[in-house]
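When the chains are written out, they are named A, B, C and D in that same order, and each has its own residue count from 1.
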Amino acid sequence: MGETAEFALYDERVAAGLQGSAAAGGGLPAFLDIHHSSVGPGTLTARIETRPELMTPFGNLHGGVLAALCDHVLGTVCYPVIPRGAWAATTEFKVNYLAPVTSGALQATATIVSMTKRTAVVRIDVVNDGRPVCMAQGTVLIMAPKGE
Amino acid sequence: MGETAEFALYDERVAAGLQGSAAAGGGLPAFLDIHHSSVGPGTLTARIETRPELMTPFGNLHGGVLAALCDHVLGTVCYPVIPRGAWAATTEFKVNYLAPVTSGALQATATIVSMTKRTAVVRIDVVNDGRPVCMAQGTVLIMAPKGE
Amino acid sequence: MGETAEFALYDERVAAGLQGSAAAGGGLPAFLDIHHSSVGPGTLTARIETRPELMTPFGNLHGGVLAALCDHVLGTVCYPVIPRGAWAATTEFKVNYLAPVTSGALQATATIVSMTKRTAVVRIDVVNDGRPVCMAQGTVLIMAPKGE
Amino acid sequence: MGETAEFALYDERVAAGLQGSAAAGGGLPAFLDIHHSSVGPGTLTARIETRPELMTPFGNLHGGVLAALCDHVLGTVCYPVIPRGAWAATTEFKVNYLAPVTSGALQATATIVSMTKRTAVVRIDVVNDGRPVCMAQGTVLIMAPKGE
């Protein structure tokens, strides 16, 4: 249990390129200010800091922030283990919120549990200052590079 | 099938207050620029316009936008049918992405399928210019007003 | 909303062949005594009768009966709309139990909401004597006939 | 990650009583011939042997067997950590099938990841002769003993 799938390829340069801020491309990752703190074969950890703009009027983190963070790491964890030019399209996931979040940092770890040429199934754990606050599992479709 | 639960209460003033922009409170709903276009007993339709900031570098809508939109309507649809002061805490949901989105408007309709004093189960359909692009189902925990 | 996908093919003979008891092949469908009461393009309704053997020691229907019924209709609804020889492999689903079941018949209706050459996404509603007791959504991978 | 929640109570006699065959009560657990091979605080491992009656006509394990097994362990893992007389009602779960199963034994391990007085969130891994074939996560509602 808890193990990671084995991978036919692991592109260390792709992994190295993912390290650090995901905000450069703009959009939702920039709004959330996602930082990829650790990238390995079949695993990726991303971090965001809570801030007032991510809260609801009731003072809790908006659940959509956690859902969007899960969606982000679910696809991104696949890139180092798929061919260059291939595309990791998240097709579905399920999320459970475990505890409210009011402050501090969020750390989301995605782990590929199972992988074929066509699909990867990924598990995600999100902790808030060390405490589990969210867990998810979902499926990514691997789309071959064009021309293949 | 496809029917809506029956509700012990429906607060039309709460429903009317939800109509229109959800951006006033700031945060993620403002970033997404969510607009509640229709609110009824056990149903809510919200709309967002795609724009470059919501896209991935590949030109498709970021999946996290759809996930966050689903999360938002999942809890919000409950407010007109729960007591004032009660809190609708989304506890879990599952989303399937059906087709990529590249432009146009998104319309998410949430429908409460089943409701007890403690929980509501909600179904969500998201269409992009009339075409189904996302569907979800999830659970909201109803937290009684403090002091009850 | 609530609409059914459009289909490139609909094989009425396959649909007709599915009508009636699913118990002939033995196994879990025979244990549950599943009966396909209605089959159409992208839709299938199956029925089972509760009986003491399907209950828990507490007198409620075992949740696994509902889960297995959902799994069954999720794949089966696809056969009339995929090529002969192709295989509909359920790859994931999510189920919400809405109310306990203590007696009577269960009727599960599966509807294909979205379909591509590779996948179908299906929604399921289960009613017990007319009352919603379970809802599900999931994904089927369409495996081409061998040699294609 | 992968950790187990902490529990306010752990009733070793309840745990000991769960050890062994789950078939004595009849019904679906008897049809599947579920055997609880290991029970601990917040964790339970159950085992079933594949046999022709659990297969589809195509020779693969019926997905409904895995779904029903997940449903079974999802609720059962809770009993040693809830008050005597309380009831663990599975309210939702999501399952991903990772690989087809054609023979051998299935071992399902359920782990409570998060627990409050009202709910437990559980993760499940199913292996077939050591190989991951199914994973799930879901929610159990804890219903207090009557009179409380």
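The criterion applied here is as follows: a contact is a pair of C-beta atoms (placed from the backbone, for glycine too) under 8 Å apart; a residue touches a chain by one contact, two chains touch by 3 or more.
Remember, it's a predicted structure, so these values are computed and weren't measured experimentally.
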item: Which of B-D and C-D has more C-beta contact pairs; value: C-D
item: Remotest chain, subunit D as reference, centres from CA atoms; value: B
item: Rounded Å distance, subunit B centre to subunit C centre (Cα mean); value: 27
item: Centroid spacing, where centroids are CA-atom means, of subunit C and subunit D in whole angstrom; value: 23
item: Gap in Å, rounded to a whole number, between the CA centres of subunit D and subunit B; value: 32
item: Overlap residues in subunit C, where contacts from two or more other chains coincide; value: 91-92, 94, 96, 139
item: Complex contacts: residues of subunit D adjacent to subunit C; value: 25-29, 31-32, 52-58, 62-65, 67-72, 75, 87, 89-97, 100
item: Touch list for subunit B against partner subunit C, complex; value: 1-3, 94, 96, 98-99, 109, 111, 113-114, 121, 123, 125, 127, 132, 135-137, 139
item: Parts of subunit A lying in touch with subunit C, wherever the complex brings them together; value: 91-92, 94, 118-119, 139, 141
